[in-house]
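Below are two complexes that have chain A in common, paired first with chain B and then with chain C.
So, the complex of A and B:
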């Protein structure tokens, strides 16, 4: 079976590292990674716990396919109670760290308590120990990783760590691995920082050898890779243009949130798009995009590697930013760009570099800056408070705020609270474009109706990675549906949410789902793990995971009242584009969704739903 | 009549840099088409492979594959075409 069969429990208060066997019943019921770690988390943690207290726990988890030859099998997730949201948090990352942990022989690491002083965890196969990190505290991600490699004299160590944003208490701080891959959302990095845990450094040389049916697995993974290669999206589109290819599409259909969702189309979209990243610059004749990059075992390779124009104001005489590094993905380009009306591609790339360098979520950061700019234009926030003029469209304000937020300095301390707390503090809570405290990603739900329901019901707050109905409503995957209607969207959202939970628990990347269905994942999981993983069983597991997360949130105090959208999206119609005149019709979708879920009118699981799902 | 043709992602290769004195800007080109032109006719005129014309929008509204041969364009329309794409 592809599970390592072993978890590492680290008591940060006592400074101990203990190996314990994986609960194999739970592994069969929840697969791994998101599902399995959330099972451990919800069994062990009081839902009412303060996310930043020692009583909160935080788990790094792989899936059974992590570290195997399955395409994209390099994923891991960080599971905790989110600092930004107070809801269950599960942030997923690629790169190479997850596979390294698995090859060291561990399925997951559970951290509990709080260390009295900064530490990092060092793992070399079976051996794990906590080491002093006083010398690392105060360092960025970009300084921490090479410093650990140098200390241990091993360049092949993989590092998952926090930067200065988490240390400074930014509530949407991320966990970063391999310098620019992020478990980005909900403030999982903030929780890591609250425990005085700076980094997890891993070296694994054992491989993943315990595949249940090796020949069957090789056949299944080979066939699945062919599906990815033959598919126009995963075989050609994503490698060449990355996720950024969406910028012009979403703008064209009138669903690109612009200037804090005041508008749904951005006149500068073409300037910050995938196509723009390919265009040679006038200054140096080189494009912003240097190359694409793949994570461990990935046969798609959608990652963007970019280089900033050395003459741009952000990096003049700053050679430390002249290297090629993680470039703009669609969500970051939107949040740093359209959400603020900024169309300077180099400035966005720089802000994105800073987010990676010091570990904070560009979506929540950019969207919070959007709220700040609106408050500035309303006269609520002044230059004297902010330290800079901050109208919509100001690239200089954006990059200035990024630098402040990275270190928790000046007004960056307040931007680090996120838009919900910031707008409430200044008397305009309606201007926070968020659900359950987490800021929206890059799709306006007036122009893509199903996403309104997906956002409102997402278990980790507003998120595109919990039920990506954009695939169907806009891109025609697996079938095209009309983005402007609410009919049929309750079932669509539920189907996407449940299937996504399986992808996120298997150890593979969600982007495979542009070509794969669960029918392509099932043979890989069955041959790797157990023939009990039938397609029917996987569908049931996905639904079980969703409801387990929901149940935790309900016990944490969330209810149907939190399954809503900001007033702006429910009452202010889109001004332009195909959705002109439309608001989001959440009230038309939510009751049907609850019914399909088997929840009562308060959004709680009915007894028969619990019984059916084994919860 | 004049319309705007937008070819994105890999289809950008099918959009000429200049046509009848009009210069391409980014992925857009103003073009002259006959009054009776359909969506499908313009796609074929620029040699865009039909199989790759996956996401076809007129003024942001999706035109299903089966309707393209009968969808007549009007002056000022914006026709945008993408191959199969995704992201997130």
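So, the complex of A and C:
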């Protein structure tokens, strides 16, 4: 079984909490977490809904492997219609919160309506109630979690909450749990804030004890852990260097977007890389990186725990920032660093801390600052309105903007709108490096061609976690393909997208897929849940989930016209590196991709595709 | 030869595989709330520390028990709670200086680490070697070796 078999429905308008049995037919067809919650969401919510209206819903969901001994089995996702994108949003987080919800006996929580005043949901096993959060409103994530633990006199409570960025209306506000793990993208935190919902505090002591075949499960999970341990990426690279292991690699192949994608290589990459995080600082002799850290159940442990140099300008005489906390992952280091031409590792770490402290996505924030800096250098934005000189490379501008965006003050209010709205407002929409309103992550699609198609077709806007063909095109996982060509990429993107949907629905971390294929996930799901989860079935489910998300977006008003890339990537060739002279060849990949997907030329599902997938 | 759990906190990543292994071994359920080993995460330092019973020779819990519900397992040296004797009075939880014996609401008894009869599940589950099960007389061996490695006694060429 492994599902708890029960969902919690919270009507924020009425203030009620109701238990419902899980729809087991849907669980069988969509597994859990991303797939299953999106099924609930798309069945219950009008695709045309305004993301910030009470009619939007927001779901916290675990997978069947969440809260088990499966490696990385601690994941949860937040599913809603994204505030930043207006597309279906599904942001995935680790830490310990997801497992705690499952241990309390719930697969997911569906929030509907809007509370008339700030509230937080408190769950203690079967008991759930909404409590007043007036006293928490206006507090950061870092103040909210300890305050809730103190109030309930229970240090073992886990908290998933928003900070001040969401309250202030930042459109890419994140949901943060365990102080520095984030359901980061698309503005899921903004939707949470729009409902006057501050936090979900959970204590679960029931555990997960309904594994279908316990002996088979222990054997399957033990074998899968060995695969992770024996793999060079998951067994050595990620624990030692974190995702930051990529910084120098991606820079060398000329795919590190730099200064708002003007360049594809960053001269300061080595200064903000994993290797730099290990180097003792000149000032205090200590490295930026304190240790690595695992999320619940994770035998990889890629998380970075960092300390900022106490003499650095950002934290001088501010001991509240001297403790160890969540350090730079690759995407954040890129967005806060290379995207703005900033190479001050301590400044990036501080900006990252601020993103965690007040809950906003460092990718969209950093990329938006990149657009602001370009507009500043063009003379469109002036020092007087920004409050600071903001040329590319200015660490001081970056950290100043982070502080403003955290609280929605000054120009931070505009940065909080994201690059699409900001650049449009100032007359240069082409300078927004985004798809469907969501900013790119850290791979330039001129140097990694397949990623251009993956970005253009991602159901939640530009994203590296929907079809990570970097694995194949750069790292050779599962097979090496040439990053500079478009041939074969349509099939590659589709395969990655479908498989990823299964990982995201099972309750395990996508990073296992550096070592695992679905063939490694299948025995774990089958022994935990049902032997109907065969490999063929999982492949079909992945495709079904992808198409379900796509269909929702189509009904929300997205079409083939939105499956595109900013002009810069299609018309301005890469200036240096192996991809020099190349633009992204999206037009060569997209028609083939539609064909493989079984979509018409407008990007809509053909009737036979619907029938084949049971949609 | 008796063995001891040897805990090297420097290697702990905070994954809680040990807590799940412990609860699964003893209750057949993945549930850190029922684990007899606990990982403490000291947020602001980045330190994670596994903590459980050290199996004291002159065990306070054993001596405090008014009904003699705690016995020594002669093979492993573990101090083991006899569930059919324990009355749930909790005096042992007061007596233990380290807090490693605790009450369980569901059963009305106390629980503590019993070394799983000589094959501790936590040590088997630990992916980083932070928890190992070693010769009870040589829990210092790994640290001795680390320091010994620093001795510079190579003959100079």
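Operating definition for what follows: the second predicted complex is superposed on the first by the 615 of 615 C-alpha atoms of A that agree within 3 Å, B and C clash if a C-alpha of one lies under 4 Å from a C-alpha of the other, contacts with A are read in each partner's own complex, and residues count from 1 in each chain.
What we mean here is this: contacts are C-beta pairs under 8 Å (C-beta built on N, C-alpha and C of every residue); 3 or more make two chains touch, one makes a residue touch a chain.
Computed from a predicted structure; not experimentally measured.
Enquirer: Which term applies to chain B and chain C once both are placed on chain A by superposition, clash or fit?
Expert: Fit: chain B and chain C sit side by side once superposed on chain A.
Enquirer: Classify the contacts of A:82 with the two partner chains as first (chain B alone), second (chain C alone), both, or neither.
Expert: Once the two structures are laid over each other on A, A:82 reaches no partner at all.
Enquirer: Look at A:209 in the shared chain and tell me whether it touches chain B only, chain C only, both, or neither; answer first, second, both or neither.
Expert: second
Enquirer: First (chain B), second (chain C), both or neither: which does A:253 touch?
Expert: The first partner, chain B, only.
Enquirer: Between chain B and chain C, whom does A:98 touch in the aligned arrangement: first, second, both, or neither?
Expert: Neither partner.
Enquirer: After the superposition on A, what does A:242 contact: first (chain B), second (chain C), both or neither?
Expert: first
Enquirer: Could you tell me the angle at the CA centre of chain A between the CA centres of chain B and chain C, given to the nearest 10 degrees?
Expert: Result: 80 degrees, to the nearest ten.
Enquirer: First (chain B), second (chain C), both or neither: which does A:476 touch?
Expert: It touches chain B, and chain C stays clear.
Enquirer: Return first, second, both or neither, reflecting whether A:366 touches chain B, chain C, both chains, or no partner chain.
Expert: neither
Enquirer: Of the partners chain B and chain C, which touch A:67 in the superposed model: first, second, both, neither?
Expert: The answer is second: A:67 touches chain C but not chain B.
Enquirer: Compute the least Cα distance separating chain B from chain C in the superposition and give it as a whole number of Å.
Expert: Least C-alpha distance: 18 Å.
Enquirer: Considering only the defined contacts, which chain B positions touch chain A in the complex?
Expert: 6, 8-10, 12, 26-28, 52, 54-55, 57, 59-62, 64, 78, 80, 82-88
Enquirer: Please output the residues of chain C touching chain A within their complex, sorted ascending.
Expert: My answer: residues 13-17, 20-21, 23-24, 27-34, 43-48, 125, 127-128.
Enquirer: Give every residue of chain A touching chain B within the complex, in rising order.
Expert: So the residues of chain A in touch with chain B come to 231-233, 236-238, 240-246, 248-249, 252-254, 270, 274-276, 302, 329-331, 464-465, 468, 470-471, 474-477, 480, 482, 510-511, 514, 577-578.
Enquirer: Taking the complex as given, what residues does chain A use to touch chain C?
Expert: 67-69, 71, 96, 103, 156, 179, 204-209, 214, 218, 225, 229, 239, 290-299, 301, 305, 307, 323-325
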